[in-house]
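Heads up, the next two complexes both have subunit A, just with different partners, subunit B and then subunit C.
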Partner chain A sequence: MKKTLLAAGVAIVVGGVAGTALAQVKPEVLVKQRQAVMTLQGKYFGPIAGMASGKVTPYNADVVSRSATYLENLAQMAWDGFHESTKGGKNTNALPEIWSQKAKFDELSQRLQTETAKLGEVARAKDEAGVKRQYAAVGKVCGACHESFRQKL
Partner chain B sequence: MLATSCFAQGDAKRGEYIAKAGGCLGCHTVEKDKAVPYAGGRALKTPFGTFYGPNITPHPQAGIGRWSEADFVRALREGRRPDGAHYFPAFPYPSFTLITDADLRDLWAYMRSLPPSSRQSEPHDLGFLYRWRFLVGIWKWLFFTPGPFAPDPGQSAVLNRGKYLVTALGHCGECHTPRNFLGAPKKSRFLGGAKFGKGTAASNLTPTRLGKQGDGELKEFLRTAMTPDGDVAAASMAEVVQNTTGQLTPQDLDALVAYLRSLPPLPEEGK
Partner chain C sequence: MKKTLLAAGVAIVVGGVAGTALAQVKPEVLVKQRQAVMTLQGKYFGPIAGMASGKVTPYNADVVSRSATYLENLAQMAWDGFHESTKGGKNTNALPEIWSQKAKFDELSQRLQTETAKLGEVARAKDEAGVKRQYAAVGKVCGACHESFRQKL
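Moving on, here comes the complex of A and B:
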């Protein structure tokens, strides 16, 4: 009984630490981290798009499968970096609409995770036709979010 | 024989390419899966109200099936309907007026070859003051100069072709040049980038901004809507790439880029 209580106590403390840890990260570091995620998403989406569109030949199902799996994982990572504390910060192209249209932003970030998961699935199944369909769906979500929430470069 | 027939009638095959270079599809096709191309319905939101691209398939009632070639030429060159009334400049005739006679004839031949669609065009939904088409006459008197593109003999054929693609067919400035309060492009800020409020904007296309990109990178972006490092364009430009710049011949893409490189650099507009 005591042990359970203690465990619960530890869990609360640890949970609390994890929750506040993010809030204590400096906003400029959060910006850097989420930008790193975006850069890496580009790194792994690039070869998929290149091969799926026929620009990069030959099509290599192993490279596509590996890249899609990395991308699927990366697609979950950027979002907690869009913390309120980073709003209006320097060295970022993130627009304030991210926070004023939060529901739309969250919906698009969720959709990216759904679409990249589907891409991962068809890529691992070595389904070339499926990849050619699904990579376009992923690109569409990227573009839709950049349209409303990223400063035009 | 061949020469006569070419002269007498436009070439629909060439016209199809001109329709792509002109990006007609975007505004004249609704944003839906399996939408009928050129049957209209796209909403264009502006500070003056919402315009809907009409059906331009050759359907006699719903489309432009009863038009003559002269009606078509007048619409694009002068911004007038067959009955003489003015079009709102949401239809980018200030750019399309620059299209050459030969290209207009080919474009018309292609439009005639499309399957007719009976989809009804919806009326524009405009602010109180902006509903009167005769006011557009004043706007045109102030801001509109009709007449086809005249190549500059002092410039190379490539730069002239690039300028024609950007200013006449591509109508890039309709989004990438900022507008004054009457909705006319600010000539001093030509292709200098524009903001549309609520975060949406079009980039500065002068060397100030594009100078950071190599020719290869820029061309890849215009072909694929992606940069070599995997960055993806915003949705509205991605559509332009899909419909227009990604469809250009390699020579035309070269000319387009060469022309953009030759523009006077303009600083970014203040935020």
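Moving on, here comes the complex of A and C:
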């Protein structure tokens, strides 16, 4: 229930107050903030992927649950940072396709939120088999978005 | 209830798996991750403080609720990054007192988590008066910790 209310809140924000406020945030600050989100998504997806794939042992359901909840929250935080004003900026690997193929980008950003929410659910339920299925779905969206919209590193 | 379980998870992590895993994370990565948390805490405390203090109008309970929930999660994320291996590192404003006055630092980090959890509660309840009281308590902990443990900027 709380999650649903939150999701509704996000939708309101995109079209409302935050839209206005964002116009005043400097592009370099927006870039720094969205990169911070990516850094932390990596921090918390790392242990989940490690344990779910068996590369990190033993599997710790408490660590997975906590990390997945953080990841679910983080997965909502980057998107308002991809403001038009940041297009072509320095110190970023974001490709201009983000804006020229906006619908595709938005769809992937939405999918990340959906898939991480599902991961959070199975992780908090301590459903290890569910986590082992769902972490791959999350990794797939990360990869798909980076493939199309991030400069090759 | 979910929050309580999460808090318990955090306690387990500090003494358990993450403790071992952390020893393998490079100090510069730990610094980058904890700085990312600070960046995002700023991103989400900003609108709350702005609206609660009346500097940003109108007050938007949905934005405040969403931001406070993110902040509550973020307030748990920085602490394992203050590993001994990062002491005296470059590109950080963290003072050595973090380790020489560990008990005080830990107490403040705990207080931030407690105060942001209270803020999240009143924010989700759309209790505007409660937010206007509680945001100041959160700001006070930020300030207290920076005063003692962050290099003057």
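Criterion: the second predicted complex is superposed on the first by the 134 of 153 C-alpha atoms of A that agree within 3 Å, B and C clash if a C-alpha of one lies under 4 Å from a C-alpha of the other, contacts with A are read in each partner's own complex, and residues count from 1 in each chain.
Throughout what follows, a contact is a pair of C-beta atoms (placed from the backbone, for glycine too) under 8 Å apart; a residue touches a chain by one contact, two chains touch by 3 or more.
From a predicted model like this one, the values you see are computed outputs, not experimental measurements.
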item	value
Touched partner set for A:G89, first subunit B, second subunit C, both or neither	neither
Touching partner for A:T39 - first (subunit B), second (subunit C), both, neither	both
Which partner reaches more residues of subunit A (counting touched residues only), subunit B or subunit C	C
First (subunit B), second (subunit C), both or neither touched by A:D62	second
Touching partner for A:G54 - first (subunit B), second (subunit C), both, neither	neither
Which of subunit B and subunit C A:Q151 touches, first, second, both or neither	first
Subunit B versus subunit C as contact partner of A:C142, first or second or both or neither	first
Common interface residues of subunit A - those touching subunit B in one complex and subunit C in the other	39, 43
Interface residues, subunit B side, partner subunit A - complex	193, 198-203, 209, 224-236, 238
Partner subunit A, residues of subunit C touching it in the complex	2, 5-6, 8-10, 12-13, 16-18, 21, 32-33, 35-37, 39-40, 43, 47, 56, 58, 60, 62-63, 65-66, 69-70, 73, 76-77, 124
Subunit A - residues contacting subunit B, complex	39, 41-46, 49, 53, 55, 95-97, 139-140, 142-144, 146-153
